[in-house]
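Common to both upcoming complexes is subunit A, partnered first by subunit B, then by subunit C.
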Partner chain A sequence: MTALRTKALAALAATSLAALSLTAGPALAQSAPKDGGTLVMGTVGVPRHFDGAIQSGIATALPSTQIFASPLRYDKNWDPEPYLAKSWEVAKDGKSVTLHLVDNAKFSDGTPVTAEDVKFSIETIKKYHPFKTMLAPVTTVDTPDKYTVVIHLAHPYPALLLAMSPALMPILPEHVYGKGDIQTNPANLKPVGSGPFKLVSYKQGDSYVLEKNPDFFLKGRPHLDKIIVKIFADPENMVLAVQNGEVDVAPLLSDVRDIQRLEKAPDVTVSNKGFEAIGPINWLEFNTKKKPFDDVRVRQAIGYAINKKFIVDRLLGGVAKRAYGPIAPGSPLATTDVNHYDYNPKKANELLDEAGLKKGADGTRFTMTVDYIPGSVDIGRNVVEYMRSALRQVGIKVEVRTSPDFPTWSNRISNYDFDLTEDDVYNWGDPVIGVARTYLSSNIRKGVVWANMAQYDNPKVDKLLNEAAVEGDPAKRKELYAEFQKIVVGDAPILFLNTVPFAIAYKKGLENVPAGIWGSLQPWDNVYWSKKN
Partner chain B sequence: MTDATNTAPLTAPVPEAPAARPTRPAVEFARSFAANRPALFGLVLLIAILCMTFLGPLIYPVNPYDIVDMPFAPPGGEYAPLGTDYVGRDILSGIINGGRATLAVGAAAAVISVVLGILMGALAGFYEGPIDAALMKVTEFFQILPTLLLAMVVVTVFGSNLYTITAAIGIVSWPQVARLARAEFLRIRKLDYVEAARTAGARNRYLIFRVILPGALPPLVVAAGLSVGSSILFEAGLSFLGLGDPNTMSWGLIVGQNRNYLLDAWWTVTLPGVAIFLTVLAISLVGDGINDALNPRLRRR
Partner chain C sequence: MRKLAPRLISAIGLLLAVLVLNFLLIHAAPGDPVQVIVGDMGGASPQLIAQMKAQYGLDKPLPVQLGLYLWQVLHGNFGYSVYFNMPVLDLILQRLPATIVLVLSSLILAVVIGTLLGIFSARRPRGILSHLVTLVSLFGFSAPVFWTGIMLTILFASVIPIFPVSGMFSVRDTGGFFAQTLDLLRHLVLPSVTLASIYIATYSRLARAAMLDVLGADYIRTARAKGLSERRVVFGHALRNGLIPIVTMVGLQFGQLLAGAVLVETVFNWPGLGRLAFDSILRRDYSTLLAILFFSAILVMVANALTDLAYRWIDPRIGGGRTRKATKTPAAPGSKSPGPAKG
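Moving on to the complex of A and B:
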């Protein structure tokens, strides 16, 4: 095998190494998966606990999707696949969804997974999960028999199927999590689930170990015996650990330099496939209630004064993609048929003149502060520093404001003490879950981070979002969201820059690495080592 | 110490007799400073750096915030002789324009630390007894705190701008000056001319500032000079840790903002680092030269 590959290498000397590794991957994957082996994963996210039903965010979702199974899972084309539910039907009127569960699933304590557990989990998520809109339309959940669940909805709700993904709907055993206050339930740290792996130990802030769940209901899976997740204090150390082989996989890279560095490392494959459902967008958010940013012309002018191509190609080294609107590219609902705000300083100057912001004697129209999420270098600080240079060209003086830590930043922004801030916000699948929150006027909630912090208020947008949320016809829904995107981009409460360049880096020899829409936040049950170095 | 001053004239006069017939101390100071090669070199270097900082922007009028080329363009390029940083800004322009803030922070912080230090040290050394004990306890309190950590806390709490950074550096670096000032005051206050002034009815304030302080100044001037250098290093250190003022171009800021890219673009960190190095070196050499020139024993060597 090795000899063969060496020959192939020599023969294809002209082809780039990266291209070769891409073609070699599927070829190897065709052979039967091998069981066994340990995988060492590196991450920088410290999970508060492992219960994804009441905690959002990547740090919890990564282990939670291994420990808990969910009704459905998704392939890379946004199509649902059976998981705990072997089949499902959406009622004609769209007002109920029926799940038929598999009958051989067991929690890691040996009790079977039943319809009651699914009902309990849905109700728990509706009540406690930070994504309030996600299951809001769910009225009641019926359990006609042990393996059938009927979810009743107040109105047709197409986002529900996506909300049944592993990252969003872990199925909890009622007999464990149903006792007492779930927020303080000790099982949040010692989880009991029905996923491919179970948690065996957790050293807070240091590492946790997942072991193969022998009772996993999908026969022959998972292939790996053990996943050790090492938590690193900073990405630099994690990247070094991947480079020197101490860590086999870094499932959630987002720093441009880290990605580029690992792309150069031998025996490491870097892939940015998948992640569309997480849909992270990097943007600039205005305080639309503050002068002069309450004037749409000023916001648009700043949009025209920023060269997005420079940001994507130069600052982010081409690793990230351009984002044109509020729905992340890659989503079937995203459209690029919106104003692109292509770089045009002349137009920016005209708009600012029109808005009555004349240049002063020193060429300055006004001074504005710009914030960014502390710790975010490539998509935060560098973009903001670029803005300082770019906006100077149209007579706007930028004062960069740094925040020593995240709470300082989130307090400032969510209490509207800002002019403009860099921010990156995730779509989390359907627009109902992660998009609407930023634009609905009903979600202008002072003090709440990642609510409608721009205080954007457009009744037309409210109406479109509310209609699209309940529209059962996919084509019509797409139209509604297309119009929504057009209006929001035109009103420019937010200037959309780029996607956050998520990527996964792994050692050669690791196969079937997750590349679905949820990226690394899906069960790793099909992953195996064809050859461990 | 007194022994040394007594023995020095015994050996010195023979070779030095024709040259050293000083009538004015300033002339002698200049002469002795000029004879010190390293100090002279330091002075020339310092003047060159000051010229670059204050006249440079007129000769090389590139705005340090303008994007002049691709990010990380290496030195020797058409648009940026010393290369560009991670946004594509000119490093040369950054060094020229960043010098002002760096030197200003260094000088201002040194002034703060010297004024504070002299005040504390003078009062402690002059009054002795319980006042001395109390003031020295305060000094010790500041001395045992890790200086960089204390400065980081001050800057984090009060925000990263030049004023807080300057104040933070001044606040953490005065104890050394205070110790030095106290030692000088303890020594000088017992000298005859001070006693003479006291018997003549001079008040304490007059004694401290008019009688003792001038005599104590030479080592303090040297300490002040050197603390300009260390303040510049301090500012660079804070910027390196990401606590610099992002809205004022300074050498430390360039180093700090580019430190992630040291492996990809050495010039972004190295060149402003060299500027800091040369400045601190120049200040140290000049400080040493002043020290030598002011010290009567070393002068006669």
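Moving on to the complex of A and C:
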């Protein structure tokens, strides 16, 4: 607990420094950011609406982090920074967190942001946000005065600070969103927030326009006058549009060929910095209740039969990083001290023999079906196509099954109609939010995509995950998660391949492009054009 | 009125069939809109999934859902788009103008260019240029429309970037009405040519066959013998009769043109009904897709009715008892045209 407190104090000191640098403004900056200009973004995500409090996912988080402010924001070292909360304290027992809000923040309709709005937002997120575990430990929220919020917890909950990021905790005005059913509130499409930009128009599925919020509480920000987001039906057209200058920035690329093409484009910079908190991992997931994949030796054998180095270096052109376990590399809780399943067909053959799956006359031990998420060419289709020849070497015949669209795939996999599937799943910050769901036996829920679809069941893992979720001591917590990672990789319900190669591509002259742990899913208030655009 | 009533009854029956069949077809596809939404959200709890299914009525048995849907449509309510979060009718009205612009411009382009090419090659059927027209038309006809679209995009938006990659307007401010119209036209060129490419082939082949037929008729020889200029003979006398199969084809192909728009709009990111239909299929947005198909059916019916009217205008003898016969058995390429309107 002491360590937690130290961390909180350190954060407070960092906070004060950061606040100081903000007020000091351009004088301290190396080169003063220029105000003005329009930024055209290209995306393939269609936001159903803009209310990130009740809708997760990248398509909504991208605009929601511009429209709404949140209590905290994060730097690239996973350290919290002040945002709507100018400072915060974690109680000694870890069972409450107090936020001290800035007193000059206003919503775009002119009303001030108060503690009541924060309380309302936390309660709304707890009730309606798809990530149920995220605020589950929150019991009550008190508002002793207009600018102080006290969040009470059932137990120490270290993940809370990360859950206060812009991508996860937009602060909504209670007087707008508190009326009637929030799911059908018209303000979801015409949002009122206190972030650096405000929405001025949305043509469903086609484009939306964000304009500078002149009342934004951080003085001198944002620098851009306008952000126009154009929605593309496919990434290829979007990449072409970046190449020929129609679009200034593609905030979230994930296809290797797109990244490589734009790396070669003149006047375009491609950055893969950040995104660690989104933590996207590409993996192969077994149906562990189906024979012969209920045998750990068979799963491990397939792990040894696949050359991960070939996948990362050749198929993915070195653009993606190798992932070794369930916590994405880059997270302070990730460890590489796990079995790496280095390519070893001999060992794979031995394990399969040991499991009693002898080769037949034609050299085949058994036939299996492999699925992949539709649309993912490099990390999906190409990888499973490679598996066809890789597993043939150890006597396994692979039949690749294609799904025409996402609901077809999700229907098959979540109803356990599969042997093995490629899948890419996001960590979403803390393991409590995006990692535990895949391994907790209590989360084996038929029909629910990205629950424990492998039907993996290990009481030791359940215990470790439940303990780590409430462990306040960061070092102890790290140990618990390290042990969890070791066991899961050993049990191999999932074979971890690589990170999804997220990248931002932007026109030269655009400065301070977000490179923090949330990648492009954070406020673009400090972004500016160094040359006239 | 006597003729209108049975037509109306069959039209209503047809629309009902369109609704019911499409409803059953889209529900036969695996998954539902809630799965798509959950996919976009990066996962959701079972409670939230159950709540959303109940909210959108997806927890009810299929026949009940169908009954409720038909009842709703009967009252002029096409439902709420689960994915796009707005009333379906508003969504369709928002997208309709883009499709009308694309489809009409492609249709005009296909008919005008196709007919001119047809006339041109009919005049010298064995000339090199005639063969060239045949070759180009066949290429346009054989190439899949999405492939043509992608090739044109690569060529004219990337290699020689003279046209924008996609969309209907530049997202940046382009200026006043005149500048915006020019901007629209620039965006329209590639999708419109792509969609027209298949139909140019159809119309040029059709016009060629019809014109060959007509140009060999006695009344044309008479017209020429009278000393009329070739231009007057072709455009004043022959073309009017040569147009009958083309008009028939326009009416018949209107539905196909809308189907082609789905692909072209998707390739070129054209914000019309076609792309909306494509998005709705992928996202299992049932109400949106059903409404698009319903309105498309109405559009096709209207197009057929207009074709009937056009016949009467082109050939005043068509009408009365013969109208329906002409509608049902459109003149095939190379078949005998109804004969000279005037000597």
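In this text, the second predicted complex is superposed on the first by the 502 of 533 C-alpha atoms of A that agree within 3 Å, B and C clash if a C-alpha of one lies under 4 Å from a C-alpha of the other, contacts with A are read in each partner's own complex, and residues count from 1 in each chain.
We take it that a residue touches a chain if its C-beta (ideal position, glycine included) is under 8 Å from a C-beta of that chain, and two chains touch if they have at least 3 such contacts.
All values reported here derive from a predicted model rather than from experimental measurement.
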* To do: Would you mind checking whether subunit B and subunit C clash or fit side by side on subunit A after the superposition?
  => fit
* Asked: Is A:130 touching the first partner subunit B, the second partner subunit C, both, or neither of them?
  -> second
* To do: For A:392, select first, second, both or neither according to whether it touches subunit B, subunit C, the two together, or no partner.
  => first
* To do: Considering only touches as defined above, state whether A:175 meets subunit B (first), subunit C (second), both or neither.
  => neither
* Which partner does A:359 reach: the first (subunit B), the second (subunit C), both, or neither? -> neither
* First, second, both or neither for A:314, with subunit B first and subunit C second -> first
* To do: Figure out whether A:400 sits in contact with subunit B (first) or subunit C (second), or with both, or with neither.
  => first
* Looking at subunit A, does subunit B or subunit C touch a larger number of its residues? -> C
* **Minimum C-alpha spacing, chains overlaid - subunit B and subunit C, in Å** => 7
* **subunit B - residues contacting subunit A, complex** => 63, 65-67, 70-71, 86-89, 156, 160, 242, 246-247, 257, 260-261, 264
* Give every residue of subunit C touching subunit A within the complex, in rising order. => 29-32, 35-49, 55, 83-86, 91, 94, 153, 157-158, 161, 164-167, 170-172, 266-269, 271, 275-276, 278-279, 281-284
* To do: Can you check the complex and tell me which residues of subunit A touch subunit C?
  => 38, 40, 45-46, 48-49, 55-59, 128, 130-132, 183, 188-189, 203-207, 228, 230, 232-234, 237, 240-241, 243-244, 246, 405-408, 410-412, 414, 426, 428, 434, 437, 445, 447-451
* Asked: Once bound in the complex, which stretches of subunit A touch subunit B?
  -> 257, 314-315, 377, 381-382, 385-386, 388-390, 392, 399-400, 402, 404
